[in-house]
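For reference, the structure I am asking about is given below.
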Amino acid sequence: MTLAQPESVRVGVLGARGRMGLEVCKAVDAAPGLELVARIDAGDPLSSAAEAGARVLVDFTNPGVVMDNLRWAVGQGIHVVVGTSGFTQERLDEVRALLAESPGTGVVIAPNFGIGAVLMMQFAARAARYFDSVEIIEQHHPRKLDAPSGTAMHTARLIADARKAADCPPMPDATEEDFGGARGASVDGVHIHAVRAAGLVAHQEVLFGTAGETLTIRHDSLDRSSFMPGVILAVREVVKRPGLTLGLDDLLA
Amino acid sequence: MTLAQPESVRVGVLGARGRMGLEVCKAVDAAPGLELVARIDAGDPLSSAAEAGARVLVDFTNPGVVMDNLRWAVGQGIHVVVGTSGFTQERLDEVRALLAESPGTGVVIAPNFGIGAVLMMQFAARAARYFDSVEIIEQHHPRKLDAPSGTAMHTARLIADARKAADCPPMPDATEEDFGGARGASVDGVHIHAVRAAGLVAHQEVLFGTAGETLTIRHDSLDRSSFMPGVILAVREVVKRPGLTLGLDDLLA
Amino acid sequence: MTLAQPESVRVGVLGARGRMGLEVCKAVDAAPGLELVARIDAGDPLSSAAEAGARVLVDFTNPGVVMDNLRWAVGQGIHVVVGTSGFTQERLDEVRALLAESPGTGVVIAPNFGIGAVLMMQFAARAARYFDSVEIIEQHHPRKLDAPSGTAMHTARLIADARKAADCPPMPDATEEDFGGARGASVDGVHIHAVRAAGLVAHQEVLFGTAGETLTIRHDSLDRSSFMPGVILAVREVVKRPGLTLGLDDLLA
Amino acid sequence: MTLAQPESVRVGVLGARGRMGLEVCKAVDAAPGLELVARIDAGDPLSSAAEAGARVLVDFTNPGVVMDNLRWAVGQGIHVVVGTSGFTQERLDEVRALLAESPGTGVVIAPNFGIGAVLMMQFAARAARYFDSVEIIEQHHPRKLDAPSGTAMHTARLIADARKAADCPPMPDATEEDFGGARGASVDGVHIHAVRAAGLVAHQEVLFGTAGETLTIRHDSLDRSSFMPGVILAVREVVKRPGLTLGLDDLLA
């Protein structure tokens, strides 16, 4: 026998029939302490979330409707976890203004709910100052349109900022002849190599080196289920964090 | 033209003719802001360090003489960075007592000066609570007498402690038949696999996994030069940290 | 405009509604030079394959029906590629007898259609004699019941046989203390380490080492689509190879 | 008691005081069945090799003297294993002419005595036709002047030749935007990525992929001792192979 859990958090999902929304519904359903009370998609009234008693909404919709969803939810004092993209500075300012008028309510907006990816970037930023060299190798399926990946670019900038803050000297590199550009792209002085091959999904390796040792941080992502632990973490945390939280970094203890 | 650096730190090395001592002398010599002023080994008087004006001593001697070295140096108000092994609780207590009587003096004692290894352990401890599974694969040259390595055992304990503190459930493992012990050793519930092969030096991989993603932290150590950045960091930091500091963790910003 | 390909090979699939069968139908459909002419499953008459003019049948059914399928197909002079398991020596002898009476017909029976896995094993067997040491690290999802994997056991035996044939000395290993069995299983003298973690699918690494160098062969399998190139290869080859072919090794040019 | 081995092969080393020569002397000395009978360097007469009864000479000298050494040795009927560089087509033709007049004598000339590297290239050439995609990632210390490495270029050409011979279609690659050249160099259509970082020595990874699986062949070379097994193999084989042998490929059984 399992005891009733009187404090389980009631959760509604917006965009519940989308690819991410379906995964979120499954994940909320399976998470101890959370209860899925509303699956809402295009055509369904937002009010049904309130009627179902949702305390948190998870929004994986689209940039065209997400601001309306936020206006309504924050107005109702319902917390929101947002994975929808397209948040400009202007939009973030509006969310802050909405929250200022609803001081107990929390909103988490994250571009990436992969805890592994977030930790990889945190660790990379932290290690950056202690090594002479660092390069990034990202590997993706061959249908990807852009190189390097956004995550690799972001990681390179975090590393460059950390090295600059610690007054690190430039990395050693005696290359005189680089046939055909084999040394890859340099983003803020950090070299990035983009591999594209069938059979790959989404992978990134950050390689740090100093005389006699290397430290490698590697993240392999195989499917979108990997984002669910981050969504669940955000749902659990948003109820304790009034105001706007950007990214998962602050939620990781 | 380089300006004179009036504040360069004067450093003496104890055990200067040993394998590690020789590396330390080279590294101090090459480090900006540090000046090697004394190379001392068995038979040389400690007083020559004081005569040379050493402000910091680095001790890579042996358990039979290290306590005498510490008594003398702390008595003189000279800071000490210690890589010598054999520090029991009793010895640490005596060092604390010595330092209590010389309040401006600092001592750093570290079992491992490899910054990469220290960061690997920090990252592993931090990631531990966010993944369903974690296993350690350590790989060493075949002349190593013990398996698993001390670093692997220590890492496993850090991970187990972090998972316990976060109330993580046991890791999933449906293994019913384990022919010949292929699943390796379990240290506090964390599986460790010890690979021994010619051509290897000292390597460790910590593999974290959750549905759809894995995060891998890998450290490769090729020779003892890899310990020098940690020794130099400790020399720079010990002059700012009165009292006893154990390990490099606190020195890493 | 694409020219008609008058020599396209007409293919039928037995077990067409099973998980593997569905993949095979898709793969045959997409393969240049092959034409899918019959999808047959439990309840469908085998004769429909002959009526559709199938020149090759692919059998992913089950041990209870596969022999009947082979008796019928070989009797008709239809070539067969078999992925169904359960082939004892007795069954193989019967297949050889059937083929002796139908001399132009070919049958390929393979336990593993993953070309990558087959190549990994070939390369491992070939490299075995040239290195002092070799160990196997296999990594699978935590729902797997057995450790080590069948592929790892088979690889270890191939390596051991190759080393024996070349009179290799025992591998160096100074381990005196192996806490908790961290050195893993030894199969014919080859150490195997079995890692189980969420987020993994099916991976194997074979690590060879000699003083100063290592050679690593790694296979990562993410889903059953990875078996299709091997099935298609077997379909193309079986029409040129009368008699019984066991495994993909001989089909790889 | 060890029995005398009447058939041990007597070996002389030319360039015996150079970095490679010293390693070769040590390796020959330690190899069962070989006997080091002459260490010859600049200033020493070649005739001392004959006086010592050398049956095989190993030449790690320089392009300025290697042809004279070969003319003398082949004239004496002494087999030669050559690691010295600078062999143009013209020089190879002269060696063939010398050997034509001394039909029982063998010469092995190899640009790379690393068995691991040679096997990596063999395996890569063999796997090339079976995968949709292949890319090369080579990683070296930051003092290296050229990118990509000669080994990577050579591997790419072997792969391209094998794919062409098998009529492989172009590799899939949807990249539309390649910021800063992150996709690396393309050598005969095979992408090469060159990583340079402190702590690295000489490493190469060849990554093959098809839907659902990848196969990775990786070689790590840590120091020049890794070339010795290849030198010893060549010494043992040259006595059985009259005429000119180029590279180790044919010597690997």
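By letter and in written order, the chains are A, B, C and D; residue numbering begins at 1 in each of them.
Methods note: a contact is a pair of C-beta atoms (placed from the backbone, for glycine too) under 8 Å apart; a residue touches a chain by one contact, two chains touch by 3 or more.
This is a predicted model, so every value here is computed, not measured.
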item: Rotation, 0 to 180 degrees and nearest 5, that superposes subunit B on copy subunit C via CA atoms; value: 180
item: Type of subunit C:subunit D copy interface by residue overlap (half), same or different; value: same
item: Euclidean distance of C-alpha centroids - subunit A vs subunit D, Å; value: 47
item: Whole-Å gap separating subunit A and subunit B, where each centre is the average of the chain's CA atoms; value: 34
item: Of all residues in subunit D, the ones touching two or more other chains; value: 131, 199, 208, 210-214, 220, 222, 226
item: Of all residues in subunit B, those that touch subunit C in their complex; value: 131-135, 137, 139, 142-148, 152-153, 171-187, 191-200, 207-214
item: For the subunit C and subunit A complex, residues of the former touching the latter; value: 199, 201, 220, 222, 226
item: Subunit C-touching residues of subunit D, taken from the complex the two chains share; value: 114-117, 119-120, 123, 126-127, 129-131, 166, 208, 210-229, 252-253
